[in-house]
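Below you'll find the structure, written out as structure tokens, and then a few comments.
First chain written, first letter: the chains are A, B, C, D and E, and each begins at residue 1.
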Amino acid sequence: MEKRPISFYVLAAFFCLFVLFLYGPTITIGILSFQGPQGGLTFPMRGVSVHWFRDLFQEQAVGDIWGAFRRSLGLGLMVMVTTVVVSVMAGLAFRKRFVGSGLLFYVAITSLVIPSILISLGIGLIFNQLGLKVHWATSGFGAQLTWTLPFGLLIMFAVFNRFDKSYEEAARDQGATSWQTIRHVVLPIIAPSLIGVALFGFTLSYDEFARTLLTAGSYNTLPLEVFGMTTNVTSPVIYALGTLTTLFSFAIIGVFLLGAWVMAKRRARLGSDAGKGV
Amino acid sequence: QDTKNIVLRQFGTGVSNLNDVANKVKEDLGFTLEMTALDSDSVTQRAATQPDSFDIADIEYWICKKVWPTGNLQAMDTSKIANYDKIVGIFRSGKLTPDSEIAQGTAPHTVGFIPEPGAKTFADEETNWMTLIPTIYNADTLGIRPDLIGRPIESWTELLNPEFKGKASILDISSIGIMDMAMVCEAMGEIQYGDKGNMTKEEIDATFAIFTEAKRNGQFRAFWKTFDESVNLMASGEVVIQSMWSPAITAVKSRGIPCVYQPLKEGYRSWGGGIGLSSSLSGMELDAAYEYINWYLSGWVGGYLMRQGYYSAVPETSKEFMSENEWGYWFEGKEATDVITSPTGDKLAEAGEVRDGGSFYDRMGSVACWNAVMDENQYMVRKWNEFIAA
Amino acid sequence: MRTGYDLELVHLTKRYGDTVAVHDINHVFAPASYVCLLGPSGCGKSSTLRMIAGHESVSEGSILLDGTDVSGLSPAQRGTAMMFQNYALFPHLSVRDNVAFSQRMKGVDKATRHKKADEMLDLVQMSSFGDRLPAQLSGGQQQRVALARALITQPKVLLLDEPLSALDPFLRIQMRVELKRIQRELGIIFIHVTHGQDEALALADEVVVMNNAVIEQSGPPREVWGAPKTEFVARFMGGHNVISLNGHKVALRADEISLGEAGLPATVVAVEYQGATVALSARTEAGEEVFAVLPEDAFFKAPKSPGETVSLAWDEGRVHRLQA
Amino acid sequence: MSPDVLGWLQAAPLSVVMIGFLLAPIVMIVIVSFWGATEFSIYPDFQLDNYAFLFGSEVTYRVFFATFKYAAITWALTLAIGFTVAYFLAFHVRSQTMQIALFLLCTIPFWTSNIIRMISWIPFLGRNGIANSTLIDWGLIDEPLEWLLYSDFSVILAFVHLYTLFMVVPIFNTMMRIDGSLLEAARDNGASGFQTLRHVILPLTKPGIMIGTIFVVTLVMGDFITVRFMSGSQRANVGRLISNDISLLQYPSAAATAVILLLTVLMVIGILLRFVNIRKEL
Amino acid sequence: MRTGYDLELVHLTKRYGDTVAVHDINHVFAPASYVCLLGPSGCGKSSTLRMIAGHESVSEGSILLDGTDVSGLSPAQRGTAMMFQNYALFPHLSVRDNVAFSQRMKGVDKATRHKKADEMLDLVQMSSFGDRLPAQLSGGQQQRVALARALITQPKVLLLDEPLSALDPFLRIQMRVELKRIQRELGIIFIHVTHGQDEALALADEVVVMNNAVIEQSGPPREVWGAPKTEFVARFMGGHNVISLNGHKVALRADEISLGEAGLPATVVAVEYQGATVALSARTEAGEEVFAVLPEDAFFKAPKSPGETVSLAWDEGRVHRLQA
């Protein structure tokens, strides 16, 4: 291995501090989720137990964490799928210069930069004035899309900026229809990035608060539920929830990395004699 | 058999929107009650702007004052309420006992009745049409950490005592906070209010001037908006004196941290909540809702709430659901004869302890004002915003 | 195999906004010929090719394949196939699936199309690589696969846009032999765009030299190289000097010039060793630069260095008068 | 099919969402900002009261100033941290797998609800929190530091915590596009590490910085919940003004503030967009 | 101008993990020489160059510039400068600022460094482009700027990694004349990595042929081309046939072979027209492929096509025995 310059170690240390900073709350949450049964949300710890993890799976005094979780999951998946589909379509559209594409682009940028609370307020007002019912799956869904779609679109721009047009020409040359070209060539090639869009869409939706606040209707999504719970006696149960979420994410990402590693190994084995002989 | 399929959607703050209640309803009445717990702002909003999103609104009386004119709620026929006559006087005539004085602010009875179904204004006296069925109420005062203060606290003025600089807090809900402020200002003798519950613009300005000054001087550690924040502030020692809600004190104490709900010589600031029916409710659902209300007042919930330190609107029915020790401790202000526990089993007091502030009549009898929505509310709200931003 | 298709460009024009990339080209490509399209960067070679392939719309004119106008058809319907400069192999498909792609689009069942693909891989000598992904192949191998994929559609015309430019010189020479072999075997038209005149000369039955959006000259390589019509062609094809004689521009092959006792006096500017030969540039008194390609043994018997004076001699009969 | 028709067909879902859930709400907000409000409802009207009050109040200016202050400070900090982190990831971490792994490591905390994370700052930064007790244990301080919590410090800390990643991603993205040979060329020309950073990397990273700036500035300017939680309700920004109004059902007044906020944000972003072509730089 | 620096590689080795990219190389580059480093892909040319430049650490051995070991110094301290294959011009700086970059790093004031930069731009004939951004230049122009930027540091050694490979053949020839001119003017060592043996022959004072991480042969171009030591060099330099005669491998120049009445019988495999010459490949009865380069006029007097039988003749004296 090469010798690393000093700057590497300085920056690595800085990076570690940054990660530590990012994980500060996570670690605090992790520690406090093992509060004793009498403990609260703050230090000092009053005993150590897994009481709150058990408690998490029982009914809470107030609210319905798992119902909210299911809704958030459902909404997250809806938003995820929609974001992927709509962003891909829009990404394809933006590859050609169609009349008004510039305008639509700036609208999407506006959607990205508009303060969330305005969306929440505006949609709430419209539904209210039209006498429609706000519901997480309609107004809430729409409100979240105004946030995830521009991100999806930006990622698609990044993807298509790097996409070699000659793949499509080759497919057309081979007799593929426009749809076949997209289905058999474009989508498979950009698939890894679509996973990124999907993850992004889900995460943004899952943690969305401000845009859902006035648009969720009678049933809370998880962030709203957690917020609602804080109006009553909150227990370290929400920390237990946080800790489980973190562990779960670690597991997912671990699996993902493992998969990537195995794939790389497999490919390396398969192509080990590539380039030998013409 | 149909009632089993009925689902009533109730929302309110986490204070009374308890899953235990929903479970008990299912058990006793057979239908499903869906509970959604929200913060008090969202409660107001839902009630005012999303009439379709609920069947039953669990709200406070001052919220009722704001929301009623929207027509989102329907009045209830008192003749269908079995225990109507046993509801404490506060919610009917406004008087706890026939000779009590009516406190300032939005007292529950002033927004408790309407002249006739469909009316958007409130009736001046008891009628057959009730806006909210009272469910829960309490007298609030300042919570303190006696261990960190180390001397008796007797007056609301202590909130602004420079001794507690950076260790005081009030709550950031304007309709409630303004009343705490008024209690302080009045106790300090700085302002003589005509009616604390209905201040003039000048009174509002003067009140905010005093508090803004204090805020700039760093008197306050934080303002809290949710129950939870108040508990954390107190439990972690960030704050040693603040306006607080009774179960929050209980929550702090249950962690073994000394905390007192300090009765003060100027009296309490009180609040009350009740349940209202969505105007879209009709037919079987409406019947189920009445059934629910009657069940609510029949004692089980009352006992449940009283064992957390709140009061029930029909104390005598609740008595049957409490042990003698509990009734004595919580209602009568007697020494506990045995350990007092919360409904969930947490220990709240040892034998020999007495409730802060004494009996029901001592506490509710010294209410100085109610949480209020005043005529100048819009002005007050803007001033409040300015205060927060100052 | 198949023969007999000819391809004709009629008044073919391509405009991008104000730029005219291809200007009113007329040309007939003979059946079964290997044609090289040659010219400097930006002269419109790719545009022409892409119009024939159907990847670029025709601004004006038409493209006749075997007598029928195909300019309105989709790329796949035309009977042309294209091999891309960067190969454009689908990175997510194995070599076999890449080759079988067009069959799959037609709905041919797996066994059949794989059999067909393997035949094609045989043709390009890649049968043992069917299961690899493109990323696991070297440049030359990728190119063969791209060729197989283009040929499986049984095109009447194969279009190649700088097919060899991504390869190193060694591989380049190897692959051009290969291309020529396959074209001969199939007997279809290959149109091969290139920058390199050596490549064009080596491969082509017909060389088409383009410049500034038009065809400057076309014909068999020997004719174009041996008898360039214009100064541009003479210079571009290399190996020629363009000098003024008696007020006329003439072309003179560099290998026809010798250093003698008598002749045009000139000063040596540069000497480039080329292996079997040496290229010597010299500036005449008129200021024209003339270069001569001399056999190395002859040169090194009396080597010259920059700065020395030499006399350039040539056989008058070899001077070739240019049109422009 | 003409490219226009096809383009619009493909962009139709996006357009529908944008029209229904972005443009319509904006129009609604603008309309409502002229309406009147009672305690409990709003009524159609055309009055300028809401704006008059807004511009008439000194608090408005103070709050807008505070909003810009938060945005500016957060921007500076996220930029400094984000740039450094992106630089490390892009130029010092060699394998792509490692880059992805470190990247994912940074995103994990974001899966836990923002609110839970915000609550957990309190035991960390509080008077008796981990930070203070650690510092006291180390003997660095005698008294707990009060300004760690419920202050501008804690607000900005939370912002930095939440939004630095939005700066890291675009900067990292542009850095990855810098050709390694440019850095070698700089070194060859005698540039020190710092000079390379200053004269080559920084200028070439500008587009990424711009995009990150757009994210961070808009997120901070539109925030209301972080300011409330982390300042213990003691500070306000425009978002809080709006959310307070909303919670008090003063929709027209909220709408008027929202319109001004929207215009401000769009102006800031408009200026930033002049320096960068987002579509090209991604 | 400056002269007199020599560069020596002593037991130079480069390892990447398990791969040995450069294996124990020893070589002395003479002062003021133009050296071409030639070899197939992956043989270690770039690694060698980058170690000299200081962009890659030395695994073992040392690099002596004018007698002092520079392998521990930073690129800028060594007195070497590098010109990158893709030019690596700073896209955000104007041409002038690109050239003046190293001066700016040293803290030279603006007027002085711009003056200096303009002088350099003069040298590469780019003075009129000082204010343009790199993106507004053609490939050849960018290359000149890159050259100017490399030379402004007054290096003792200029390192060029495939400097011409991104240019089209026309420009490539133009630029190589330019490179040679500048090297002559400056009198410093140029080390030029290339794939192309024609480029190496044309430019170099010394050709260094690498293969498999070692130097196979080095020397003046004429020596390397005319007397290849190994089969690899003979094949790689081109223009040679390697055939077995009496159990020995021998090299035979392709232009020494003629088609006669008598000689080695062989079957024509391919005919490539090259302009002034024609390359003919034929397979002998032993199965060896032999190619002959024939003057075109001679060839076309009696043209041969693939499949015909010919007799290959050569002068025995020109056969050159190989070492390996």
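Operating definition for what follows: contacts are C-beta pairs under 8 Å (C-beta built on N, C-alpha and C of every residue); 3 or more make two chains touch, one makes a residue touch a chain.
Protein names from UniProt, one per chain: A, D = ABC transporter permease; C, E = Spermidine/putrescine ABC transporter ATPase.
All values reported here derive from a predicted model rather than from experimental measurement.
Visitor: If you walk touching chains, what's the least steps from subunit A to subunit D?
Guide: Tracing touching chains, the least step count from subunit A to subunit D comes to 1.
Visitor: Name the chain whose C-alpha centroid is farthest from the C-alpha centroid of subunit C.
Guide: B
Visitor: If you average the CA atoms of subunit D and of subunit E, how many Å lie between those two points?
Guide: That pair's centroid distance is 53 Å.
Visitor: At what distance in angstrom does the C-alpha mean of subunit B lie from that of subunit A?
Guide: 39
Visitor: Counting only residues that touch at least 2 other chains, which ones in subunit D make the list?
Guide: 119, 122-123, 126, 128-129, 246
Visitor: Which subunit B residues reach two or more other chains?
Guide: 42, 45, 49, 228-229, 232, 236
Visitor: Could you pull out which subunit C residues touch subunit E in their complex?
Guide: Contacts found on subunit C: 40-41, 168-170, 177, 180, 195-198, 201-203, 221-222, 225-226, 236-239, 253-255, 270, 272-276, 279, 281, 293, 296, 300.
Visitor: Could you pull out which subunit B residues touch subunit D in their complex?
Guide: Interface residues on subunit B, with respect to subunit D: 41-42, 44-45, 48-49, 65-70, 166, 169, 172, 174, 215, 220-225, 228-229, 232-233, 236-238, 373, 377-378, 381-382, 384-386, 388-390.
Visitor: Tell me, which parts of subunit D touch subunit E in their complex?
Guide: The contact residues of subunit D facing subunit E are 179, 181-182, 184-192, 195, 199-200, 203-204.
Visitor: Can you name the residues of subunit A that touch subunit C in the complex?
Guide: By the definition above, subunit A touches subunit C via 164, 166-167, 169-177, 180, 184-185, 188-189, 191, 267, 270-271, 274-275, 278.
Visitor: With touch defined as at the start, can you tell me which subunit D residues reach subunit B in the complex?
Guide: Touching subunit B from subunit D are residues 37-41, 53, 57, 59, 62-63, 66, 119, 122-123, 126-129, 146, 149-150, 228, 231-236, 240-241, 244-250, 253.
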